[in-house]
Every structure is written in structure tokens, then in C-alpha cells.
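Notes follow the structure.
We just call them A, B and C in the order they show up, numbering each chain from 1.
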Amino acid sequence: MAKITLSNLRHSYLPNPSGPADYALKEIDLDWKDGGAYALLGPSGCGKSTLLNIISGLLVPSQGRILFDDKDVTDLPPDQRNIAQVFQFPVIYDTMTVRENLAFPLRNRGVAEAKVAQRVAEIAAMLEVEEMLDTRAAHLSPDNKQKISMGRGLVRDDVNVVMFDEPLTVIDPHLKWKLRSKLKELHQRVKATMIYVTHDQTEALTFADQVVVMQEGEIVQIGTPVELFERPQHTFVGHFIGSPGMNILPAVVEGGHVTFCGHRVPVEGKVTGSGGVTQLGVRPEFVSLAETGIPARLRKVSDVGRHAVVETVVGDTAVKAVIEGELPEQGAEVHLVFQEDQTRLYRDGWIATEVAS
Amino acid sequence: MTIELKGASKQVRGITHIKPTSLVMKTGHFNVLLGQTGSGKTSLIKLMAGLDPLASGQILFDGEDVSKLSTQKRNISLVHQFFVNYPHMNVFDNIASPLRVAGMAKSEIEGRVQEAADILQLGPMLNRRPQELSGGQQQRCALARAIAKESRAVFLDEPLANLDYKLREELREQLPELFAGRGAVVVYATSEPEEALLLGGETALMNDGVVTQFGPTAEIYREPATLAAARVFSDPPINAAEITKTGDQAKLRTGVSWALQGAAAQLPDGPYTVAIRPHHVLPVQNGPDDVALNGIVQVTELSGSESSAHFQMGSDGWVSLSSGVHPYQVGEDHQFFMDANQAFYFAPDGRLVA
Amino acid sequence: MKTENQRAWFFVLPVLLLVAFNALIPIMTVVNYSVQETFGNNVFFWQGLDWFEQILRSDRFHAALGRQFMFTGLILAIEIPLGIIVALSMPRKGFWVPVCLVTMALPMLIPWNVVGSMWNIFTLPKIGLLGYFMNDVLGVNYDMTQQPISAWVTIIIMDVWHWTSLVVLLSYAGLVSIPDAYYQAAKIDGASPWKVFRYIQLPKMKTVLTIAVLLRFMDSFNIYTEPFVLTGGGPGNSTTLLSIDLVKIALGQFDLGPAAAMSLIYFAITLLVSWLFYTLMTKDDAQ
């Protein structure tokens, strides 16, 4: 297990990059603790897979260094980095049995047979695949195949980091949930440093202690699931995390006060900076319907069982709210209240309010 | 417009894929087919689309028997989970192709394509080929083709399954508006309970080639007729455990017991299964009637606004889902509280009894 | 999931008719000849299974069959591994891919009889480049018109030259369909190049290799034109393969009855061995 440091990392797929637009990764600096569970989250093309391949050694960065426990591994090939990777599609050695698949990485490294048998038994127990150890891997269902791919990663006890590249893509939706729990459980048991790449917020937030949100080759925020949810540093994070995402509303700042469609809205604390495009950010979970407040019309109500998502319109701006209990009729005139300590101002996309102390 | 199935079934080489099914799907709202992979959603859609022959029964469009009509003559649209477009045609020609086949006048084709493209924000991309589009745009192109055609029925077979989740969210929101007022019966297959709820309308729950329940989506969610239906319609999975009823007391195998209320109290004594959704099992007590459950926390999950804990109680695994952040320690003994008033009770044969 | 549709039969019908005309009718004619004796003028005498018995007991047939199996065995043993090796060493992407593919395909584009003539001229002592080189430069006594060994070496090399490309192209198609993730996983698992071949490339090429083996078996087992043009079955009978022998009996001696019986036996052997290959090579998947 190891601590991972990425320093001043940049990567371009072009031989002679000229502007920032040519870079798939722009200036990445990161420090990952030994034994942590991390996620790289972002939409397709945000550079998360590039970053993953650089860490695993399948790609050499145009610039910058990668350190495992302060040892520079930038120029080492994948097999000398002591890493494990689980891919989007399960990679299985079809002609081998499950047992042989799990033993493969150990036997390749000349580990003694007694030790191999012991590790395989341990991992099989952990993954609950003991009863299929002697079946041919080719005959397994996709979720079991993916479990075996994970097992091959975990079977070595000298791995520095285990990486997952959207590992649940081919798994049936009703099984995703189980595998997700399994992964989390595995991490809590083996305490290996794990990096999980995905575009799915639920997978990322469920798995990771720390989530790195990426957009267009840049890190926009690093934080715990709670921090990302409650205090997004950027409107992109607010929008991308949460379902539905944060309401991002046009706002005017005058004399330190924030107004939205002519209504004064109290925000969490002091407004910082000046100029730029200002927007108000408040999550639907922190918008409630009340007797007084910002007048709005109810456009749509979707009952999702444990709560309802309502879409209201203020002027011509849509504002969503998540509410529980009594549901008003569609088309009703309502009033909205934004919870003050969860309402923030963003300037050119970046947060521009301070937490009130 | 309506689609009516009268005892429609499907067999392939003697194996029944769809058991005789009767239901009526109407226009004006989404008709959702909800079931896990392999439950028969796609098979049912293929029957209605005329891609597979019926083994028995009839399919009626607006009262007219179309069982013997070929797919081409049924005037339907089908949008598949994978993005199916003609790779050698640009977006305009892709959307226009079914209209050209129908022999529509050139000027009308242009109008319709333009309209469909505008609704789906494909206007600037009409001259591009599918492979130059992103996944979301490709699927929007397939949807635009379905809209422009103005068919009698539109079948959407997990159309969002292969899209990034944010895109999925956006398109899912637009879909009901796209088809509103077009007169076509819209059938939407999905495996995600939340998607069914968000789309509203009516839902047919499918399990093993059988439509187990059909009706307004929210109603089915609140009153699943069978334990299987309740399981299909819950994510994370519904908690289910065996109980024994004696008098007005329900007792879990672990010994925990509580007083039954209302209809449940009137049931004859005997074994039942209690089922309760994870968001009614909370880490804090909310009411005086809450039933305390002691379990060992196995796995915890955090998704920003919600925390969930999987805990083991005797031989049963339970899940709790609560809003906000709750700090659990894996392996700790934790007390959870079940709101027993929200529980379903099923007879041993799986029927909902209270 | 397969779509069941009775109308599909209508689309198959023309193919069935075509097969009936160009396969079944000729075969039935052959069956007809094989059980009768004729002296021309459409006069036939019933002969029963005599011809079959005669052929199966004849030393000449056994010898030809033996040569045939030896030829097919040798070329399979050379072409399959060689084809795989060449495919493995070809580039997977970039400018050289189309160049390699076209070069590989070239020998297959040449008509059979031209291949025979080409190699004939090429290997003749004094005249041919190879013949001259072997005899006059290396001093090896090489003359495929005189020595059985030289004749055999020549027809084998000729077939390898002509048909290894087919194995290469099929194996290559199998290789390029392997996703990168497999190679990356193998790198991470620390697998040696041999293990990558044994556990990733070979299993993934299996389907196409089955096809390659079957095609090469059937083609080589029925080969006629090239060896006939090259050696005419000689020197002596040393390269008289089954098909060459068959033609000698049918057209050289005009023994239509024995020739018909022989071709049916020939057909049955081809069918049987093909079936054996197929069953053995697909056995694992059926489990």
C-alpha cells in the first residue's frame, strides 16, 4: 500500500501542444493518503481515464511526476509499479478456471504454491466465489466475471493501489447495488489505496472517502461526499452532483445584498470579490414551499415515493424543490423559501460567499 | 389511440417467454414496463411492434386487430437501448428516412424534420453523420426520428441506459414533454424503479414473463400486490423478513415483536412476511410506535444527501436509508427504528394481505 | 433472442434449389455410376457394391490415400503455426497495416494453374532461378522432375507459399478483435509474452483458427491443379495425390464405375475428417 503524489501533471495526446485546449489534463496536483478510497468523477471526456492510465503506467505524461511513497515511478512500466486495475469490461482468462485466474498474478511472480493456495482461498471467501473456484471462468455471468477481475487485483498483498475504471458498466442494474456494497466492504477490509473512476455520482459518492470532481481536464473540487453535496466550490459540482442537481439562478449583487428576480435572498455569509457573472446556488433539498417568500407557479410534480420533486417557475426561471409530505396541485401559486445557510453566491462559476462564523 | 393485449403470449421453440397477458395501454401518459433484465420487457415490446409472432391471443390498436399485420404496416416507432442510426446518412436524412419511405411530400418532410430537430436541439447538427455526434446526441437523433414519424405507438426500450447519468436525467425530464399531445401510445421499458416514478403515468410490473401488476405508477408503488412486485419496485431493495403473528403481535425470528394495527391485526394467526422500504428504517427514533431493531452494521454508503447502512440482524440482512449524513462504524452494534405503520404484510404465497 | 418467422423459408428456397441443382443432382449421377458397369452407348449393367470393394482393397488407392494424408498433414503442420507467427508479428495499427495485408493477399489472387506453372519454371534446373541456385551455386542435387524428395519439397513449399496467407489473414482478424484492456491487464498481472499468447491471444483466435484449419484441410485434401501442373503426379507415382489418381482412372482409363465409387469414398473421408476436426476443436465451448 502506498501514498500517491501527483505533482504538476499535464498531458496532451498531441505531439506539440500549443494552447491549453490541446491538453487532456491541465495542471494536476494531488496527494492521496495510504489506504484511502478515492473516486475520480466527471462526464465523458473530462480526462479522468487519462489520469487513471497515467497512474497505472499505461500512459506516460507529457509533463510532471508520479510518486508512490515518495519514490518516482513516472518512467516505470505498469508491471513494475505493483498496481492492480479492474477494467470497464471484465477481463478474464477464458481457458482457465476461476482458481487459476485468481492465482495467475501470483504464479507469474513466482510466489510459492502454498502461499498462492492460501491467498486464493482468502480472496475467494471475501468475494463469495468459493463454490465456483473450479468452473471455467468463461462460463460465468458478467457480474461474477467482474468479481474475478477484482479478485485478481486484490490477491497480491504487495499492491500499491487498486484502480477501477467504471467497473460496473456491464453489470445488470439490480446487481450493481450488490457489487457496489461488496467493493465498499472490500475496501474496509483490505485497507488498500483504491481509486475508482466513474461518471456516476452514486457510484463515486458511495465508494469514496474523497471524491475528485473533474471537468475538461481540470480538478474543480476535491472533497468528501458531504462537502461536495453541501458546499460545492463550483457551479459545475453543484449541477453534476445531486439528482436533481443544484438550482443555479441568475442573481444581482448590490451593496452586499443578493437579489433574484427582484427578491432579496439571504445567503450563508459575507459576499466576496466583485464583478463577473453572479449566480445563486441552492439545492432543491433546501428549497421549501411556504406561506410567504418568493412567489412562484408550480409547473410539474413528480412523486418519487420517498419524496416529491417539484418544478416551479419564478418569472421564467425554473427552480426545483424536493419536498416531503402534502403535495400541492399542479399549476398552484406557491411561495419559495431558500434555507439561508445552504444558499450561496457564485462568481464566474466559483463560490463567492464565506461561511458565517 | 390505445393498445390492447388480449391473452397475448410468446413462445420460442416451446419455451414460454411471455405468459398470456391482457392489458390496455392508453395515450396521454407514459406506459412504463418495469422489471429486471430478463423479465420480458423487450419480448413484450417486440410482440406489440410485430417483430415476433404471437403464440396465442390478440393485439388490438384502437380496437383493430393488428396481430397479423407486419411491423411496417403497424405504423410504430422503436427506440432501442443502443443508438441505432443509419451510419451513412446525416442527421437530417436519418430523421427523414421513415417519412420518405411513407412517400411524404418533400416540403412536408422538411417541416417535420426541422420541428423534431428543434425540439431535441439537433438543429445545428443536421448535416453531421451519427459517428460525429456524442452518445446523447445520437440517441436524440433516434428519438427525433420517432417523433417526426407521428406513429400510432412509440416503443422506448431502455433508451437512456447507455447514457451518462446527468444526460439521462436531462433527457428523462424532456421525454414526457416530447410526446405530450402527439396521440401516440408511449411504452417505456426500464429496470430502474426511480425512473418509473419520475416518468409517472401507468406502470406494468414484469417478472419472469408475467405482468404481475398494472396501474397508475404511484399507486403500485404504494400498494404492491405481491412480494415480488414490492421487490421489483424498490431501490435499494426492500427489507423483507419472516414473522409469526399471534393475536395482535408480530414477531420476527430474532424475537423482536410489535403490535399490529388496522387490517394487519385482523389477519388470522400464522406465518407472514413483513416488507418495509429502506427509508422507513431510520437510525433515529421518530415516533413512539417505532420498533427498535438491533443489528451489526456491515456496509455503509453515503450519496451526498442520503446515508444508507446495511445491517445484519440474525440471519436477515436489512437496509436503512436516511436523509442527511449519519456516521456509522462498520462492525458496530447499532439501533435502528422501523416505522411499522409503513410496513406491508404478505401471505406465505406472496400476496399482499395488509 | 431469435425472431421466428415462417416467411424466412421463402428466402432460403432459391438457395435450396441451387444446391439441389449443382450438388445433389451431380452426386446422384455419381452414385448411379458407382453401382453399374457401362461400356458406352448408355448400356448399363448392375454391379452392386463391387466397385467399392475393389477400390477399398486396391493397393493403388491405399498408396494414394497415404500420400494425400501425408501432404495434408505436412501443410497443416507448417501453415497453421507459420500463419499464427506471421499474424503475431504484423503491426496492429498505422501505415504498414494495409501494406502488409495487401502483400499477404497477393499469392491468393493468382490462379491455381498459374501457380503451378510459375513454380515449375522457377524450380527447373538450369532454367529456373531456384533450380539454378540450388544446383549450380549451392551444389545441392535438386531436380523435382527426377527425385521424389525434391518433388515433395517443392509441392509443399508451393502450397505454403500460396495458402499461408489465408491463415495469416484469419488469425490477424482474430488478433485485432482483442480489446486493449486484455493486454493491459496481462501487463499488470505480470504475464510473460508466452503467457499472453497462451491465455489471451490463442483462446481469442480459436474460432477463426477452427475455420482456418477446416478450410485448409478441405482445400488441401482436394488439391489437384497445382501439383498436377507442377509434377503431373511424378516422378513415377510419388506425388500422385488422391485427386490426381482419380482423374487418371476416370479420364485416363475411362473406368467410370470405379472412378465414381472412388470419388464417393473420397467425399466420405473428407466429410468424416472435417467433422472430426470441427467436433474436436469446438468441444470445450459446448460444455
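Everything that follows uses one rule, which is that a residue touches a chain if its C-beta (ideal position, glycine included) is under 8 Å from a C-beta of that chain, and two chains touch if they have at least 3 such contacts.
Computed from a predicted model, the values in this text were never measured in an experiment.
Chemist: Name the chain whose C-alpha centroid is most distant from the C-alpha centroid of subunit B.
Modeler: Using the mean of the C-alpha atoms as each chain's centre, the farthest one from subunit B is C.
Chemist: For which pair of chains is the number of C-beta contacts greatest?
Modeler: By number of C-beta pairs in contact, the leading chain pair is A-B.
Chemist: From the mean C-alpha coordinate of subunit B to that of subunit C, what's the distance rounded to whole Å?
Modeler: That gives a centre separation of 55 Å.
Chemist: Taking each chain's centre as its mean C-alpha position, how far apart are subunit A and subunit B in Å?
Modeler: Comparing mean C-alpha positions, subunit B is 26 Å from subunit A.
Chemist: Which residues of subunit B touch subunit A once you look at their complex with the stated criterion?
Modeler: 36-37, 134-135, 164-166, 169, 191-194, 197-198, 200, 218, 221, 235-237, 277, 279, 298-305, 310, 321, 323, 325, 330
Chemist: Going by the contact rule set out above, which residues of subunit A touch subunit C in the complex?
Modeler: Residues 56, 58, 77-79, 83-85, 87-89, 91, 93-96, 104-105, 108-109, 136, 139, 149, 152 of subunit A touch subunit C in their complex.
Chemist: Report the residues of subunit A in contact with subunit B in the complex, numbered from low to high.
Modeler: Where subunit A meets subunit B, its residues are 43-44, 172-174, 177, 180-181, 184-185, 188, 199-202, 205-206, 225-226, 228-230, 239-245, 283, 285, 302-306, 309.
Chemist: Could you pull out which subunit C residues touch subunit A in their complex?
Modeler: Touching subunit A from subunit C are residues 179, 181-182, 184-185, 187-192, 195, 199-200, 203-204, 284, 287.
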